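In this document, chain identifiers A, B, C, D, E and F correspond to the written order of the chains, with residue numbering beginning at 1 in each.
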Amino acid sequence: MRVDGRENKQLRPVHIETHFIKHAEGSVLITVGDTKVICTASIDDKVPPFMRGGGKGWITAEYAMLPRATEQRNVRESSKGKLSGRTMEIQRLIGRVLRSVVDLEKIGEKTIWIDCDVIQADGGTRTASITGAFVAMVLAFSKLMEQNKICELPVTDFLAATSVGIDPQNGVILDLNYVEDSQAKVDMNVVMTGSGRFVEIQGTGEEATFSRNELHELLETAELGIRQLIDVQKQVLGHLAEQIQNRSTESVEKL
Amino acid sequence: MRVDGRENKQLRPVHIETHFIKHAEGSVLITVGDTKVICTASIDDKVPPFMRGGGKGWITAEYAMLPRATEQRNVRESSKGKLSGRTMEIQRLIGRVLRSVVDLEKIGEKTIWIDCDVIQADGGTRTASITGAFVAMVLAFSKLMEQNKICELPVTDFLAATSVGIDPQNGVILDLNYVEDSQAKVDMNVVMTGSGRFVEIQGTGEEATFSRNELHELLETAELGIRQLIDVQKQVLGHLAEQIQNRSTESVEKL
Amino acid sequence: MRVDGRENKQLRPVHIETHFIKHAEGSVLITVGDTKVICTASIDDKVPPFMRGGGKGWITAEYAMLPRATEQRNVRESSKGKLSGRTMEIQRLIGRVLRSVVDLEKIGEKTIWIDCDVIQADGGTRTASITGAFVAMVLAFSKLMEQNKICELPVTDFLAATSVGIDPQNGVILDLNYVEDSQAKVDMNVVMTGSGRFVEIQGTGEEATFSRNELHELLETAELGIRQLIDVQKQVLGHLAEQIQNRSTESVEKL
Amino acid sequence: MRVDGRENKQLRPVHIETHFIKHAEGSVLITVGDTKVICTASIDDKVPPFMRGGGKGWITAEYAMLPRATEQRNVRESSKGKLSGRTMEIQRLIGRVLRSVVDLEKIGEKTIWIDCDVIQADGGTRTASITGAFVAMVLAFSKLMEQNKICELPVTDFLAATSVGIDPQNGVILDLNYVEDSQAKVDMNVVMTGSGRFVEIQGTGEEATFSRNELHELLETAELGIRQLIDVQKQVLGHLAEQIQNRSTESVEKL
Amino acid sequence: MRVDGRENKQLRPVHIETHFIKHAEGSVLITVGDTKVICTASIDDKVPPFMRGGGKGWITAEYAMLPRATEQRNVRESSKGKLSGRTMEIQRLIGRVLRSVVDLEKIGEKTIWIDCDVIQADGGTRTASITGAFVAMVLAFSKLMEQNKICELPVTDFLAATSVGIDPQNGVILDLNYVEDSQAKVDMNVVMTGSGRFVEIQGTGEEATFSRNELHELLETAELGIRQLIDVQKQVLGHLAEQIQNRSTESVEKL
Amino acid sequence: MRVDGRENKQLRPVHIETHFIKHAEGSVLITVGDTKVICTASIDDKVPPFMRGGGKGWITAEYAMLPRATEQRNVRESSKGKLSGRTMEIQRLIGRVLRSVVDLEKIGEKTIWIDCDVIQADGGTRTASITGAFVAMVLAFSKLMEQNKICELPVTDFLAATSVGIDPQNGVILDLNYVEDSQAKVDMNVVMTGSGRFVEIQGTGEEATFSRNELHELLETAELGIRQLIDVQKQVLGHLAEQIQNRSTESVEKL
């Protein structure tokens, strides 16, 4: 049995509270077990210099932890004066995977700023950030639609992420908490779309390798969890979810 | 009447939720109207280099806003690579006023790190931070007592803060929200103890001056608000509040 | 008696030498006891980005100490690569209080850069900076008038600052030197205008609080000192002082 | 046919010149087509603070490009004063994968610094860096053995990396050059050991997703290339390669 | 005899390999004994802000060492986040001396970026950088001529540099390697033109002074070495060397 | 005739006011025409890490300009967060040349911090800094002697610096002011000892070269000026000057 009594292939309780921050165009508080992340999506009416004049939009993400999100207080990156490599890696990941399910041509020269701020951490902060940020982003697009700035949701599919790992006792497990993460032989973050396509597969573990068979089982387990996460997204997004579903079905049929 | 329908000398609704972050020794979410700040107090078993060997403790504070705490997204200070003057000024203020009600000799060579992270801003973020941080700090000290690391609360008095200002229409008003703050002729932050002594009086306004009479009225109004804030602190602190009250009474008698 | 033999409510000798730096539009060397500060005012024909197009001017200040202005050599902030919180706090204060006595609409889209460089420090460097910077600023405006770039002095009142404190032996004292500052129970910087209005009241002390009666006495003592400082300003400004006086009287009458 | 006339599953010419820099404990110049990287391994007789006293060693990597390694001159990160997210991501990857094939307990409290400096870039600089750095690291360990500081090679398996992608015209291709990389629908870096286990699978592409079948084909193609890269490593490492091979076989048998 | 068996006034073997980096407009690998520097010249179609609109071009240089160019690994300046004083001093020197032999009016508003990256260091890296950078710069100008962007070589003379020093045993010596450099009483870098005029004479030594007679002998020895370095430049530049020679002769005749 | 009416080989008026800053162990205000520099020497009872345990002392220098020392206000390097190349070059120069006339073994493991702060600039700030810093340093050593921390002046010779240049109208000129400096074809800073030995010869000019004959005349002119500067140093140093003179004579006799 796992440290918190879960089955190997069981997610922690997941909750997404929408409209959590009143100023943001889109915002959620996502809770995955004891991991809590505030995700906001902000709309900026310009794109970065390297994209100007191209007529396309851009999505970029920033990720941070409050100093006491963790067991030990971590020093603020604003005090250190620079971002850690870990932070950079995570925020690049979040931006990249969100861009893979958005039709950037449809939003014109706008930037969507995604901010993921971890207020409490217990493993899986980057995957919770992706899952929550997707919802915040859809809400921001929905606001653009209300303002008649775009005429359809530019989102081509759902997107969510979870972690999977190989536990010394339990074998392949889903959605690792902090303790499990520290003990896992292999630890992998998987990002998938609603139609079951992979977006990123990232080993983040240390000093461990895995065979093709292990990879197969890890990916199947991840898919199981991601389907449930997307179900939660669908519930909170309501009619917006239907629009994405339709669009996604069309895309898949075209392939 | 004020923009949000309040009386001139009426606080916004105040709520302090304790134990908001599970990892921190002390933590609260303080809500003052639409202003929301997570305050945590963390204990570090050493003091900064300039205090080593002196046998005394230290209290230091850091303050930040989430990028989308505000109407317009503000750039992260970690991305800019440095703290703004405003941030520095506020975090120095928070640390300084908390130190004024703590007997640092009683805590030994420990540092209490106070973190105030504004997740939603609508005026008065620095005063809400002080009022909330005081509670988080007391909770952290209480944890040290439970662990038998200190034998009494080293807190000599309550401490809370609010803003007062002179509104072009309404005259002297209490607890300004963002809109009022932008329009005020004079804007002043006042920090007081439970026994009614001033800790700091800070004009933060721009291009405005005030007479001695105005000062008198501003301070009286501030005192009114701070008494209510301290009542809220007392409620959430329960028996810890009594210990502070006793200690404070002793101190006042000694004067 | 005080460490340097002064009466409790006696300023140290004050001297303001104008036109100290030949290149600056306005400059002074202000000497308050052993504290010496070079204050220059420079005119820049543009305003910061956030003010462009508004037709108003801006005043901003920078403050620094030479490394050996102090008893112990302090590390240059240019070597550390960042400004300390103390420096930020002081330079924001200087800019803010100067702006409170200038009619920024009258100067058009210009920035007045105030530089206060402490070459020798013995307490009260921020208040000496304000008192000296006011004179340097008036001289710079006078130069703009000579060049027919503005047609009247845009200064609405005099402005000076001093410190007051509560000394364990002597009670309330005026204009603390470094030794007194280190020993004071309470230490407060007060900035006032020529017509006796407060601009800022800042407690900068550590671990001390003060009652309403103490506040009253501190402010009265500060006013006494500031009146004398403004007398010195008037002497060195000559006919420019008269123009400010006239303007200030008009403003007060309007109130 | 591919832009440079290669078959879909053909590597570019690979060459590894050992002992390229005389001062380094281990060094190579690796050439993969027009991509050229100098990889050095340096031995430092201490570990980072967080590992002190643990008795284990550490491997860390840094990656940079000369300004004119690329078609357009890129600004030096030393001039910008900070590392880009891309650089951080790559150097964390290099360090992490090398640690997965080294028995850090065997080297004692030493740090192996890997430096990968791209002097000419034509796609695949991070995978060439990994393949070359592995050899430089083995050479450095061999030097430690010569000096009797360690008594066996602490390397548990070979390690190499390549990129695979899906080209709009050609389908799945191996070892993308810069032009192919810019046009690929999917682009993936794969790091594998000599015994065919995966270390990292990283999609780095933008705006593209892939199905399980595509993943399967991409990984098979990558394995093909990596086997050839490991053959080149074996040739240049000579008798050191045999020691690694023996050790690797033992490990596999134990599994 | 010198540590490496050379005569006192003998250069180390010098080799300049042109077109070393395929992307750069001009590039060389210069080898002086065990010192190896990659020099590239890149053309940018704009000048720095302070020169805009003047119709003249600009030449600027950057200098760096790979971490393991030296006996002990040196920390990357990109990791430290700032350039050392030594680096700044050297890159300013390289830019300044190259500008002394180029007619900047002839190149229009273009910037030539010179990058000197030391891949292996054994003394004399700044003088090797100058000697190599001159060739890379001429090659870049030649490319501009091929593209009909300029109609003649804007180079008025050859330029090369070497070091001279006073060795405790051997007296005045030419082209010091690292060991000699560490032991020299005086160490001087001399930059000269093809027509024998001085561009810079820089003592870089520590704690040593020299008489007028010693200066005379040092400069004569430097000239001897520089003539040979310019011969090597002429060989690798071929017909471009002739154009410079003609131009230089004209200039000298005009004097 | 020169712009300020001087003869070609005439210095500007030079004045050195000692004990200018009360806290520093040694300090002067040096005035050379309109150039004014505060030079202080501070004693620190430790040496930098790379020198610890060697028993020798160290001398290091920092140089800065007040923002309004110049005709146009220059941005503070503390605000920019980094030192310019020019500043680095100058402060390295000052430290290096002072070390050449001090017997570092005699002072034990102490660091002498030299701070040169230009309060008004009119050309020749680096040479004035050197000339003034020498006096401040001697005064600081004299203080160490008074405190019986060293038993003789560890200074082996006088040291001063001036600039020389070739003016388009006037030919070789001594001690260039800002206007002359901007117009000079060649501009050279020369640092010499009291016994007439060269310490540094630095061309700092742009786009100019000089022949051996010109060098000869420049150095002779510099020597003329430096002899006078050393006479001023001798006057202000009084009996300390005699001790240096005796020591210098001994050293020269030994050669």
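Keep this in mind: a contact is a pair of C-beta atoms (placed from the backbone, for glycine too) under 8 Å apart; a residue touches a chain by one contact, two chains touch by 3 or more.
The structure presented is a predicted model; accordingly, all values stated were derived computationally and were not measured.
Looking at subunit A and subunit B, no chain is in contact with each of them. Note on connectivity: the fewest steps through touching chains from subunit C to subunit D is 3. Fitting subunit A to subunit E on C-alpha positions gives a rotation angle of 120 degrees, to the nearest 5. Annotation: the subunit C:subunit F pair of sequence copies touches via predominantly the same residues, more than half of the used numbers being shared.
The chain with its Cα centre farthest from the Cα centre of subunit F is A.
Of all chains, B has its CA centroid at the greatest distance from the CA centroid of subunit E. Between the CA-based centres of subunit B and subunit C the separation comes to 28 Å, rounded to the whole angstrom. Rounded to whole angstrom units, the spacing between the C-alpha centres of subunit B and subunit E is 61.
Residue positions of subunit E touching 2 or more other chains, listed in rising order: 81-83. Read around the assembly ring beginning with subunit A and moving next to subunit D, the chains appear as A, D, E, F, C, B. By the touch rule above, subunit E contacts subunit F in their complex via residues 82-86, 88-89, 91-92, 96, 99-101, 104, 157, 193, 196-203, 206-212, 215, 219.
Of all the residues in subunit A, the ones that touch subunit B in their complex are 21-24, 27, 34, 38, 40, 42, 44, 62, 64, 66-71, 73, 76-83, 87, 113, 115, 117, 119-121.
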